[in-house]
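Both complexes shown next keep chain A, but they swap its partner, so chain B is in the first and chain C is in the second.
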Partner chain A sequence: MCHVLVLNKLEIEDFGPFKGVQELAFAKPGKVCIVYGENMRGKTTLLNAIRYAIIGQIIGRGFRDESLHETGNWESAEQGKFGFRTTLWFDFDGSSFELTRGCRPRKEVKQPENDTDYEEYIHMVRDGRVLGPEEQKKDLRRVMSPETARFFLFDAELLQQYEELLRDPAKMGRQIREAIERILGVPVLTGARARLRDAERDIQQDRNKTAKKSKETNQLATFQTQNFEMQTQAEKEISTYQGELRRLGEHQQSLRRHLERLDRLGDLSTLQSERDSLKQEMQHLRDDLSHKADNIRQLNADLWLWILEPEIECLRDSLSAETGDWLKHQVRLEVNKELLGRCREGLESRTCSLCKTELSDSATEVLQSQVAELALSTKETNPESPQTEQLVRWRAATSVRVSSQVPFLRALLHDIEDERIALAETEEKQRDLDREISSRDRSDARKARSDLETTQKEIVVLERSLEESQKKLSETEDRLKGIGQKLARIGNPEVGFHTHRLEACKALHDVFNQAVVELRDRLRGEVEKDATKVFLKLTTEPDYGSLQINENYGLQIIHNDGRVIPVRSAGAEHIVALSLIAALQKNSSVSGPIVMDSPFGRLDSGHTDRIMRSLPDLADQVTLLVYKSEIDRDLAIDTLRGRIGHEYEIQRVSARHSILLPLEGNSHE
Partner chain B sequence: MMNSRKSIEEILARVRATMHPEVPQHLVREILRIQNDIPDNDSEARRQLLVAIDEFVKDKGVSRAGTE
Partner chain C sequence: MSSAQDKTVIAVTPETEEILKHVEDSVSFGDRMDVAKLAMSVAIKKNLAPTKSSGRKTRWNVGGFDKDGAIGITLRLLFPSEVQPYRLAEDLIEAGAKYLNDLLQVDDHFHLLTFLKDMCPEEDRTTEADKTANG
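Presenting the complex of A and B:
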């Protein structure tokens, strides 16, 4: 029976850079949800939030658990609000769940400083009913375990881990194989087989106790007891050594990955060149700001006139009116002078200057009175204008109208403000990059190399000890087998009863053991078939014919001519790893969502396009966390053609504050 | 989807018939049921398993006093 998991909605509060309460609606089954975000905005944190919501784990680089204290939002913490919360709404096998997890400072702690200052909490509601701790535990185990979660929630680092498995299966071995088999449902058989083995021991003990009661079998029973003790001791040793070897193997892998990352100078140089271009950008902004400041200074030289401009305007109007009056007066004065001259001329010649007729006495009298009046008016007028010079000066001063430059000044100030914000943001980006670059200190690489060397030596010693214990166990088991045969031959009926139980148990063990082998073979066949189907859809190389699976679920590319492709590119390994994951999804006992963080990083546009087209076929529900240069939004919309459920963008507010913003046209559902 | 319970039962039935036909199929199914119902390794699961084996041995006519 296949269990179906559908994620509906995630609410996060103060988780990493996601300050306050923010929400992500997952796409419905058959559709894809895309979250765009540049580096260091919080994509991986969002993946971790989903992971924490489902399985309560936050995984950092090198598969190390992240600190609770460090995961809470820093800005909220500075404001005295510590801890974080996730709430996930999902459907599983026909029931609706609401699962809340989080952590908060312990009651007695005012200012948390590390993880021990926090307490974690969990609430779970199924179909509207709050579940008790035992029910919670049981349901959570059914929904998803940390081992199976890796097939649903993965990032480039996990893909790399698979690629290592594909390159060198012997090194990766057990851990990945067990995880793969868990998701494929093999543990139902391996679990029963282990339980039958335990039951076999119990029955052997029962037979031994019975044998001790009889004289004829007592000695053999005592010898058997001694061997049981030796067997238990050898098994304990083996289990300890294997556990320690697993731990060291994981540590070794983690160190190798860490070193590979450090060695990939490409990464470091990318960061450095990014920092250099930020520096250039900052310099450009500073130059522009300086140029604009000069412009403002120039404008400021006349700017004081703006304050006086209304009064100047008023004064200029009054001066203009005064000038008009003065000019009119001047004209009248000239006219009067001319008239006075003519009148005087007429009086002297006693003839009219216009018609040249002789003036009568009465006309002469009128003319004399007119001359007196005109002479008076020309004497009254002051020919000098005391305001003329002042008028010229004011006119010159107010010839430039400062107010007309105000909109330009405002725009300039606005630009300066924008550029200052851009500069502050760029400086902060540079500080982030500086921190990232300094964290990749070379001394870190030296320490990791020395640690790796020590680990490898410890592994060699442990492998030798394991070999010795296995030899010891094998010898003890041979002796016990011999003792068992002797006991059976003696024919004590009570001992015989236990021997029958033992035989039945062994027969069942044989059946389950063989069934495990057959199930594994069949599953490998299915995974190989499904991975090949996906691979042929994803690869752009027409000469690749199929994939071939090995014991550890490692996949090799087979050329159309039947030969194995010995060397393959990073891009090809990426595609093979994705094909394996898709095949595992298909054969998993839980059908559900996949959430992929930056899955296209190293792929060319051809492969990216093919993966995009195949996304809805990889899993029922797909969520992609991508940076913009990984896939173009318009292209994604065009490629997926109506199969995009939701789109979000992670927007930066500050280095410690990001917002999950639904994009326009977000509701495609 | 290949790892259904049906396909696992089918493999077990075939293996049993080939390797140990004397072991009844219902006993194999019972072991599988116990494993499915109680996947954790606890004492109850072990007790149920031993009861199932004892039942089978008794059904074969073997008792603590010997063959009946």
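Presenting the complex of A and C:
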């Protein structure tokens, strides 16, 4: 039976750069939801929010668990609001769910500083009924487990990990193999088989107890008890060794990855010099930002004036005629005042102020009458409005500052925004380099190699011990088999009853054993067939004929001539990994949504186009998180032709604040 | 009332002081006085009624607040009947600060670019010649 999971809506609060409460409506089954966002805006964080909402896990770069403290929105934290929340509305097997997860500071903590200062919470409602903790756990496990989530929610980094595993199936970790089998529903049978094994043990114990009661079988029963103990002991040893080997295997893999990364990155001095140049770049950006902030500070002193400039201009236009007259009158007044002064001087000194000759009586008389006239005229006030006078004064007072600098201010503010983004990006790069350098400081290549060597030796020793315990177990089981046969031969009816039960149980176990083998084969065949179908749709290489699966779910490309393609390009690896995921989706016991973060980054336009066209066939519900240069929006609309459910854009408000904005015009829901 | 009785100091209420401080912290301003002048202009631009309020505390001398007299002249120019421009400036600062506070309520941050978009919209740079050329 296939369970159907449909995501309806996600609400996030203060998750990463998504400050406050924001919402993402998923596309309905059969349609695609696309979220566009440039780098550093929060696409991967959005994928993490969806992942956290479903399985309660936040994965950072290099598959590290992200810190709760650092996941909360920084701006909100600066304003004293700590923690974050996600609420997911989804349908599963005909029921409607509302799942809320989040974290908040512990009661006694006022200023959280790290993850231990937070407590996580979870509430789940099914069809309007609040679920208790046990029901929650059960339902969550049914919906999606952390192991299977990797096939539903993935980014380029996870896809790359698959590519590596597909290229080298020997490296395919047991966890991933188990996860693949889990998603395909194999545990239904393996679980039943394990239960039958337990039942077989119980019956053996029953038979042993019955055999102990009879004289003729007592000795055998005692011998059997001893062997049971040896069997339990051997099994315990095997389980311990296997666990330890698993741990060491993972450690070995992580050391190998670490060494590969060291090889890729070159020596420490290169990293340090890269970090130094980043530091210089950041200092330059900070200096420039500080210089621009000073400029803005100076400009802002006159902002009040520029804001009012249009109002004043409007007034000036309406008063322009009056202003001219007022100025003429004012000039006349000033000239008359000057003349009056000179005439008065002439009268007092009885000489002409211009030619310095002595004044005659008649000239003095004329001058006296002129003085009287001028004195009268200078007493006249300017008849125009006081507003005109104010306007002229205003011009004089503000002449230096008017002529608005607002466009310049605006340009400066845009520059500052861009530089802040550049600074945040450079800081992020520097943090990555710091982590890299400090990890290399702590365990340099030599130490990693020595650790690897030690681990390999421990693995050899453990494998030998495991082999011995397995041999011991096998011998014990042979002995137990022999004892069982002897007990059966003795013919005690009560013991015989248990022997019949045991045989029935064993037969059933064999049936399930065979069923597991057949199911695995069938599923591998189905996965191979579906992966091939998807691969041929996605690949642009006409000579590729099919994919071939191996025991470990590794996939190889088969040429049309039947030969295996030995070397695959990065693009081909990517397509193979996507084909596997699509095939797993098709054969999964849960039919669910897929959310892909930047899946086209390393692909050419031909492959991107083919993937876009096949998106609705990859899963029932697809959500794509992409940057604009990864796929062109117009091309996406054209390619998907009406199969776009919703489109969003992650818009930047500040380096620590992004908004999830629905794009209008292409929603078909 | 004559202009001789106009204010010689500019005072603001503690609430307005708080808003001015918030804006000053959000955006680069050389002095809180510049934010007060901005609030005054906002009130004029948005035709807000001057707010009479009590409990104001002296903040600046008029001499310092309006060194070159431009504020006094601007107010006399835009409000010809007003005989006490600095008293009016105080009331306008109160009204404008409330407007700025409403902008801060949106996300607790004063965005100068958004503010400029509202207060000084960019002019359409298309010339008449362009318009004719484009039909």
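Please note the rule applied: the second predicted complex is superposed on the first by the 451 of 669 C-alpha atoms of A that agree within 3 Å, B and C clash if a C-alpha of one lies under 4 Å from a C-alpha of the other, contacts with A are read in each partner's own complex, and residues count from 1 in each chain.
FYI, a residue touches a chain if its C-beta (ideal position, glycine included) is under 8 Å from a C-beta of that chain, and two chains touch if they have at least 3 such contacts.
Just so it is clear, the model here is predicted, and its values are computed rather than measured.
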Discussion item. Taking the superposition on A as described, I'd like to know which of chain B and chain C A:587 touches: first, second, both or neither.
Written reply: first
Practice prompt. Using the touch definition from the top, say if A:413 reaches chain B (first), chain C (second), both or neither.
Written response: second
Item to complete: Pick one for A:315: touches chain B only (first), chain C only (second), both, or neither.
Response: second
Worksheet item: Does the superposition put A:519 against chain B (first), chain C (second), both, or neither?
Response: first
Response to the item:
Counting only contacts in the complex, chain B reaches chain A at residues 1-5, 7-8, 11-12, 14-16, 19-20, 22-23, 27-28, 31-32, 34-36, 39, 41, 45-46, 49-50, 53-54, 56-57, 60, 62-67
Fill in: chain B-facing residues of chain A, complex
1-2, 184-189, 191-192, 194-196, 198-199, 202-203, 493-494, 496-497, 500-501, 504-505, 507-508, 510-512, 514-515, 518-519, 522-523, 526, 586-589, 591
Discussion item. List the residues on chain A that touch chain C in their complex, please.
Written reply: 19-20, 75, 79, 293-294, 296-298, 300-301, 303-308, 311-312, 315, 385-387, 390-391, 393-394, 397-398, 401, 404, 406-407, 409-410, 413-414, 417, 653-654, 657
Worksheet item: In the complex formed with chain A, which residues of chain C make contact?
Response: 27-31, 34, 37-38, 40-42, 44-45, 68-71, 73-74, 76-78, 80, 107-109, 112-113, 116, 119-120, 122
